[in-house]
Structures are given as structure tokens and as C-alpha cells.
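First chain A sits with chain B, and in the next complex the same chain sits with chain C.
And now, the complex of A and B:
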């Protein structure tokens, strides 16, 4: 029996020990880093608040979870994926731009384009219509130009001077 | 006592039903006595609902906990002030309150002298009472605030902790008044359709009512924002929450209505569009009430639980379809008097403004309803949070700021491109200078912010020039000094110059919104006693906050406050001590984080207590720097004052010319 340890095995075990210890050695994520991710998730209990701003206990636990995952070396996207895998896409603050979530984004754009189309149609129809007839003004009646009687009287008085 | 309240509600319901029948029959058979009787019955509805509200207040004040509602919203700890306000503290009471406010408006309409619009009044009464019947019907049947418990509880539950704030106490009534007052233009529009009226009489008659409704709706939104900022402790003023959106959406449709009625009055165009907008506004008001009251947006499942949900939905359906049917049958009558002369005209710009507003309204509506639509139809609930709304509506809002500057430059009908260019020179130059100078000399470098500020500068210049033109003309024509000229100018044309005032309010608010949306910074830190942390922003410099202690202070009855004390140094110099605190509502087991702020010019340092160790030796705080945020509140005040100027009753002489003017526009077709 050979009494020496295979250097390769030794090296491998050292590497493994170091790798296992790495997360612990890595600096603990700051609250701001946790908040940065939490902002993109929904509070599980109250409606419409994001996870960052909610002060309930459940949310504290969720934020601790984010902190643990970040400490383990998860990237922001990986943390979000971790939550999606467990709670579905409804944990996200912003609807995903794919699948059903895409519908949320597309319809307003379609609506706006339809509006622009309608506007173009209306403007086109109106401006192509018969040339505008002069606006009839009843004799003696005050005009509709947004000029009040007082001003009108003044103008007429001034005109007499010429 | 509760029996009296309930009986009053039932009587109100019967009177409202009678009023509809009497009003319609009176109009059809031309019997003034029946119309008079309908009017009295309508006023009776107002009186009966007033009785019901008074009885409810009596029960609330006398701690009548056997009444389920009283037990639900008050307890022994409640002060008189919050007892009175508890009327709108929860669902059944607020429905009664809503119906009562609405009846105040319908009553006030009928007490007016309606010489010119007499023919409309019977139908106005019928429409108003039809709407009232729904709300009164709810409080009589499924949402009775006078329902009694089988036992007499020793104490009540108490109001929702969120509501213990002056802003929350006045915010709902203000918003409700904004909501219910839209019944006036809506009822007149419907009555005009019923009677085949072609003119814009309905619109002119209700112009001031519409402005008042809009004013209250705007104030309700502003107060809601201020309340969120002061109490909710997340450093912001608007969370795009379903209930907030429910109030914003009708506002987004009513605002283009206020603008496009000006086209109809001046040019006789957009008649169909205006009727459509007011129908939509009112339908959205009712839907907004439904969203707020049913909790449906949370999940489709709450909808199934709440009895009033399906009733509301049914009513909205009936109202909307009936209005549309009436609208479509009168389509031909509502034909335009004039055609558009040019794309370069105020009419065309107003159309564009309408498109932007409706685009935003639709986007917000869609985003608000998407969670429930996706859950019900796709079986996959997708949440739509603030980032969606910010991204989807931001550019459109910026576009509106620009349009607000272009529209005043455009005269009605058309403008020669030469003249337009000449008018544009100065404002565009100012806008361009701002766009160039900001990123070079200030910290404002982000594209969106720079562009929005350039738009703000452009529009502000145009608006100032508009005032200047008017003032200068008066100065030369009447020899008035500039101050008198300014005063008379606004007095002579309140709507126009009050409107520009409102525009200034919007511009100021935009500055605050840009500051918050683009440049807010935040940090959360855990500090031991005596330790400090810092936060800095290029707009305010650096703040160092030293944790000086944590203390338990008894708050209002039933509330424990934990107050954190922080010394604030600005750029190394001690400037302030702030005390944010956490309220804990013992009975409801609910915390509230109340921020404290240090103001620096228009910007604010905003700090909340986020948590602490039981021994009080360390705590975590969240600090925000909110650059330029006070421009938002200042803009809100200017906005409200501007609306008051525009809506203030005109003097006798101006009113006479206005009526003479509107009379000429009445063309009845029958």
C-alpha cells in the first residue's frame, strides 16, 4: 500500500474546502443591495406594495431570504428567478415582457396607435371637406370672437377718430 | 333610533322611484303639476338621506355598538373627531355618505332657477334619481349601515389605523364630492339627448358644476398623495395602487372634456366626442367607486365574496349601455357645425391633447385591471406594479406638457406657418437654452429629465407671454398700470387666465415629479447608539445622521409609539434633530411608519424607522433624499387656486353677455 496521498486529490480537496467557505467569506450583502432586489418584487400579503416598502413580518422574512441568497452568491436575476419558481410570475412588480405579460405592455401601444390612426382619419376627413363657409354673423349681435362688449365699444370709438 | 335611520333610507328610495315616474310623465303629458311634484319628491330624497346620515352620526357619537357598523369603525378610545369621520370609515357607512353627498348635489341643482333649460329639468331629475336609486338601494338591501347585532358588544373594533390622519379624514369626502358632482353634467347631457337638443346648452349650463367636480377630484388626488407621503412612509406620493388609479382615471377623462368643450363652444365641433367623454367620465366614476368598495382588484375571489360586487357591475353595465344606446340614436343630431380648416389650428392641437389624455387613461385602466383580467381569462394572475405605469405613461405626460405650450399659440381655425414660426421663436429658444445649459452646468443630466425640463421652460415662456400680451394690451388701451391690468385681465376672462394659472400649477408640479422620479436616492442602514450613517445627493449635498436614542412614548389611546432620535448634519454642520417614529396599533396589531423630514429649500431629507433591536441599542433607518419635491405641493396649491379663479361666479355684467351668447346657440330640433 502506498503511503503517500495523491497530490491531485489533495489539491481537489483544498479547492473544495475553499469553495465551500467562499460564501461565508464573501461580504454580507448590505441592506441597500437587498432593497434593490426587493423593489422588483411584490409584498406577499398586502396588495400592490413592493417588498422593499412593506414593514410586515412576512416581508421581513422574504427580505432575509433575499439576503441569504445574495450571500450565497446569487445574482439579482437568479434571486428573482428563485422567487418566480416558487410563487409564479405574480411576485414580480413589473409584468414580464413575454407570454401573457406581454399583453399588458402591448395593448396600450396598440390602443395609442389606433388613436393616432383615428386622429389622422378625422383630421384628413375634416380638412378635405367642403371649403369652410364664412361664419354668419347676425347684424347687431355681439361677435363671437371672445371680445367683450366693452372692448368692442372702445375699438369702435377709437375707429371713429380716423 | 336605528329604525328611524333605516326608515329614512327606505323612504328616500320610494321618493326617488316616484320622482322618476312623475318627472317623465309630467314631461310627456306636459303637466307642470307633475313636474313640480317630482321636484318636491327629489328634494324629499335629499332630506331623507340627510336624516339617515344624522341618525348614523348620532349612533356613532353615542357609542351604539349594537349597530354593527358603529362597532366596526369606532371603539371607546376614539375621539369625537374620529367618531364623526367614522361615517366614511368603512363600506356601508361610506355608501350612505356617498349617496347623501350625491343627493345634496341633485337637490342643489333643483333649487337653482332654470329659466333657459326648463325643458331639460324633468329628464335631469329622472336621470339623477335613477343613479341615486342604485346607491340608496344598496344601503337599503345588501349594505345596510343600520344593521343590528343580536347582542350589545362592550366595545367596538375601532377605525382602520391607516385612517387616523387628518389627510385621510378629509381626503375621502373631497374625492367623493368630486365623484358625485359629475352627476350634474352627466344628467344634463343625457337630458339633452332625450329631448333631442342640438345646441351646447347642457354644457354651458353645467360648466361651473363640472369645474367644481373637477376641482374636488383634483384636490382629492392631491390630498391622497400628500397623505401617502406623510403617513405611508415609503418616501413617495403615488403608488399606482388600484384604489388611487380608480380616482385618477375619471380625472384623466374629465380633463380632456374640460378642454374639448371649449372647441364646441367656439367652433360648434366635437359634439359627439363631448357627449361621449362625459358618459365615459361618469361611468368611470361609478366604476371607480366600485373598485374602491369591492376590493375586486386584489383578486377575482374577493369579488365572489362581496355581495355588492355583482350588483355594481350590473348597474355599470346597464347605465353604460343605456347611455350609449341613447347616444347612438342621437348621432345625426350631434353633427358638427363646422369643419376643420387646418392642422395648424387650436382645434387640431386640442384633438391631440384629447388623444394623449385618453391614451394615458386607457393605459392606466388597462394596467389596473390587468391582474384580474389575466386571472379570470388566462388563468394566470400577472401583477402590474408601479414600474409599468411609470414607463408606459411617463412619455405621454411629458408630451402633454409640450402640448400645453403649443395650444395657446394656435388661434382657432388656422395660422400661417410664417406667423406660427414667429410666435414660436422665443419659447423654442428658451427651451433649447434650458436643454443645453442644464446638462452642462447642473446635475440634471438624464435625458428624460432634461427633455421634460426643456418642455416645462418652453410652456412656461408661452404662458408668461400670453399674460404679458394681455396685460400690455390693457395697459396701452386703458392706461391701467400693470398690476391693475393684470387683475382686470384675469377678471375679464377668468376661464382663460385661470386656466393658464392651472397650467403653471402643473408645470411646478412637474418639476417636483421629475425630481422624485429621476433623482430620488435612498439608503437603509443599521446603526448602534451614537453611530452615524450618511446619504448624499448632488442636489443637496451630504447628510450625516447620528442615532441618538430610541424611546417608547404613549401615543393616542390604543397606540404605542417608538420614536427614534437622529441628529442631522449637513455637509459637516449640525442643522437639525429629527424624530421619525413607528406607531403600533395594539388592537389591530398593525404598525405604521411615520416619517420625519428635514427641509432644505425645495428638497427634503425624509427618514423612517425601519426596525430596532429589543434593547434599543441599535436600530435601522431608511433615509431618502427627495430633490425638488416641494415643487409638487406648491404646484398643487397653485393648481387649486387657478381652478378657483376659473370657476368663481362671474359678475352680473359678464354673466348677461354669456347667457345672451348661449341663447343664440340653442337650436332645438324636434
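And now, the complex of A and C:
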């Protein structure tokens, strides 16, 4: 019996170590998981780059922070909330669809609708506008040019020669 | 023979409408231009320091109101800031030299706590430092980057804004001035 004790203890120890390490191994987030959250955040020190694409030291540190939070069991939304609480709502790539952030989503639509409405109104008004009333001018009276009909007729005849 | 011509179209109402439209556009232009006007920290020199409240990494809270009478050196920094390394040891030395006369406060800007703590340990920073939550203080102090250092007298007036790392002679000269304003 004695000769089986040592291997048994060894086996049990290995199993216990593996079992103890399993949760840690399971919680270690992949780069894809980290980048999935990172692309929803802005690089804090450069313009128009998300955290996934940026290669500055700041962004490296922020991605590490995402990784740590995910490893601690934070959900994606909880990680985003952590960043908002720490750095402000400006860290988000997209403004939130609530509160003041909602204005960023609604204002372009409101502006577009207002523009289309205004254009429709103007086009409608133009199409319905009555043509200007003609003002009769008596024959023989001087025209706007100050030239009477007879002179105009002579000019037109002369022009035919050219 | 009868000919036709059209009456003039321009009416007084249209001219007034056009002028009103131009006026509205001009007002909007100036409002936007004012909004886009750059406000920088350097413009705060000589002005009262904006109020702040910051909690250090150790959990102590510091505010301008509670520190009335104490001259302050407020240094914005970050662990990812290469220029900040250059002045870290100098600031710590100056803090030790003027302990009890001038209070140094580090404001950790856009940084993670883990990296900030590692930076402080690496450079031996012992004066209180804390994260700038939502960058509120950075916005109020209009910083243009890091490092940036504000020298605030005991009565809460900014006497100098240092953009970029500071050199020893200038730092000690300013500290002498600050120390004289302590209550």
C-alpha cells in the first residue's frame, strides 16, 4: 500500500494546482476581447483615433487597464462605465444615447428634416406663384429704350442686310 | 400693336428679410468664433486660481478653500509623459526643501492608477498626488498638456504658469516668492 501513497499524493496535488489555476486561466481575457472594448474608447492624447488602433504609451496603459478589469470579471459595459467615471464621457468613441449625448444623435436628423422641409416649402411656393401680370403698352408709344416702333422697324430691316 | 413689360420685382419687405437673414448669420458667426477662441492656462497668470477638490491616491482630500493661506505648487503630470520624468526628482527635492512653507500637489492627468503608482515609486515622489477625475481640474486650469505647473500664493492667486518642465533656478526663485505669501 505504501508504494501507492506518494504517486497518489502527487496526482492529487497536480489536480488541485490545476483546479486552482483554472479560474485564473479562464478569466484571462484575450486580445480580441480587450480590443472589442478598446475600439469603443478614444485615445486620450491624439485626435480621431480609437484605443484599439493607437500605439502610444497612454493607449497601451489604457488597454492594460481594460485587460485588468475584464480579468476581474467586469462586463464590457462595466468597463466602459469605469472609464467614463474616471475620465469623463469624452472617452467614448460614440456619444451616449441619453442626456446631453442624445443631442449629438438628434440634432443632425432635426437639421436634415428642417432643411428638407424648408426646401419643400420654397419649391412649393415657387411652383404656385402666379406669373407677373403683363402691362399693356399702347402701339406707337415709346418703349423702355426710348425708341419708337417705326425706328425699330427700320433698324431691323437694316440688320437683315448683314 | 401692343407690347408687354414686367413690373419691378424688388420690394421693401424682401430687402428687410434679406438684411435680417444676414444679421442672424453674422450673430451666429460671432457666437461660434467666440466659442472657438482658445483659452490657455497662461492666461490665468495673475488671476485667482480656480477652485478645486482632489483626492490623493492615499485617500486625503485637498481643496483650494481648505488650503487658504498655504502657498501651492500644483503640478499636472502623467506616467506616460516623457517630459514629466525630467522634473520629477527636482520637484521632490524642492518639496523636501520647502516642507512646511509650500505645499506640493500632483495632479495625475489621463492616467491609470497602477502606472501612476509605479511612476511615483520609481521617481521617489512623496508629495500628495491624486487622479484628476473626469479631467475636471485640467479643464478648469485650461492646461495645454503635461507637465504644467501652477504657482499659487497663499491668498489663492496664480503668479506663474510653467508650461513644460521647469529648471532648478526658476523653480527655487518662484518658491521663495511663494513662501513669502504664506499665512
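As a working rule, the second predicted complex is superposed on the first by the 105 of 162 C-alpha atoms of A that agree within 3 Å, B and C clash if a C-alpha of one lies under 4 Å from a C-alpha of the other, contacts with A are read in each partner's own complex, and residues count from 1 in each chain.
Note that a residue touches a chain if its C-beta (ideal position, glycine included) is under 8 Å from a C-beta of that chain, and two chains touch if they have at least 3 such contacts.
Quantities reported herein were computed from a predicted structural model and do not represent experimental measurements.
In the superposed pair of complexes, A:31 makes contact with chain B only, with no contact to chain C. Residue contacts after overlaying the shared chain place A:108 against chain B, while chain C stays out of touching range. By the touch criterion defined above, A:92 lies against chain B but remains apart from chain C after alignment on the C-alpha atoms of chain A. After overlaying the two complexes on the shared chain, residue contacts for A:126 are found with chain B alone; chain C is out of touch. By the touch criterion defined above, A:55 lies against chain B but remains apart from chain C after alignment on the C-alpha atoms of chain A. In the superposition on chain A, A:154 makes contact with chain B only, not with chain C. By the document's definition of touching, neither partner reaches A:82: not chain B, not chain C. One of chain B and chain C touches more residues of chain A, and that partner is B. Residues 56, 88, 90, 132, 135, 138, 144, 149 of chain A lie at the contact with chain B in one complex and at the contact with chain C in the other. Those residues of chain C whose C-beta lies close enough to touch chain A in the complex are 1-7, 9, 78-80, 110-112, 114-115, 131, 133-136. Remark: chain A residues 31-32, 35, 40, 42, 47-50, 52-53, 55-56, 60, 88-96, 100-101, 103-105, 107-108, 111-112, 115-116, 119, 122-123, 126-127, 129-130, 132, 135, 138, 141-142, 144, 146, 148-149, 151, 154 touch chain B in the complex.
Chain A makes touch with chain C in their complex at residues 44-45, 56-58, 61-62, 64-65, 68, 85-88, 90, 132-140, 143-144, 149.
Chain B makes touch with chain A in their complex at residues 232-235, 239-242, 266, 297-298, 338-343, 348, 351-352, 355, 358-359, 362-363, 366-367, 370-371, 374, 378, 380-388, 392, 396, 413, 477-478, 492-493, 522-526, 591, 593, 610-611, 620, 654, 657, 660-661, 664.
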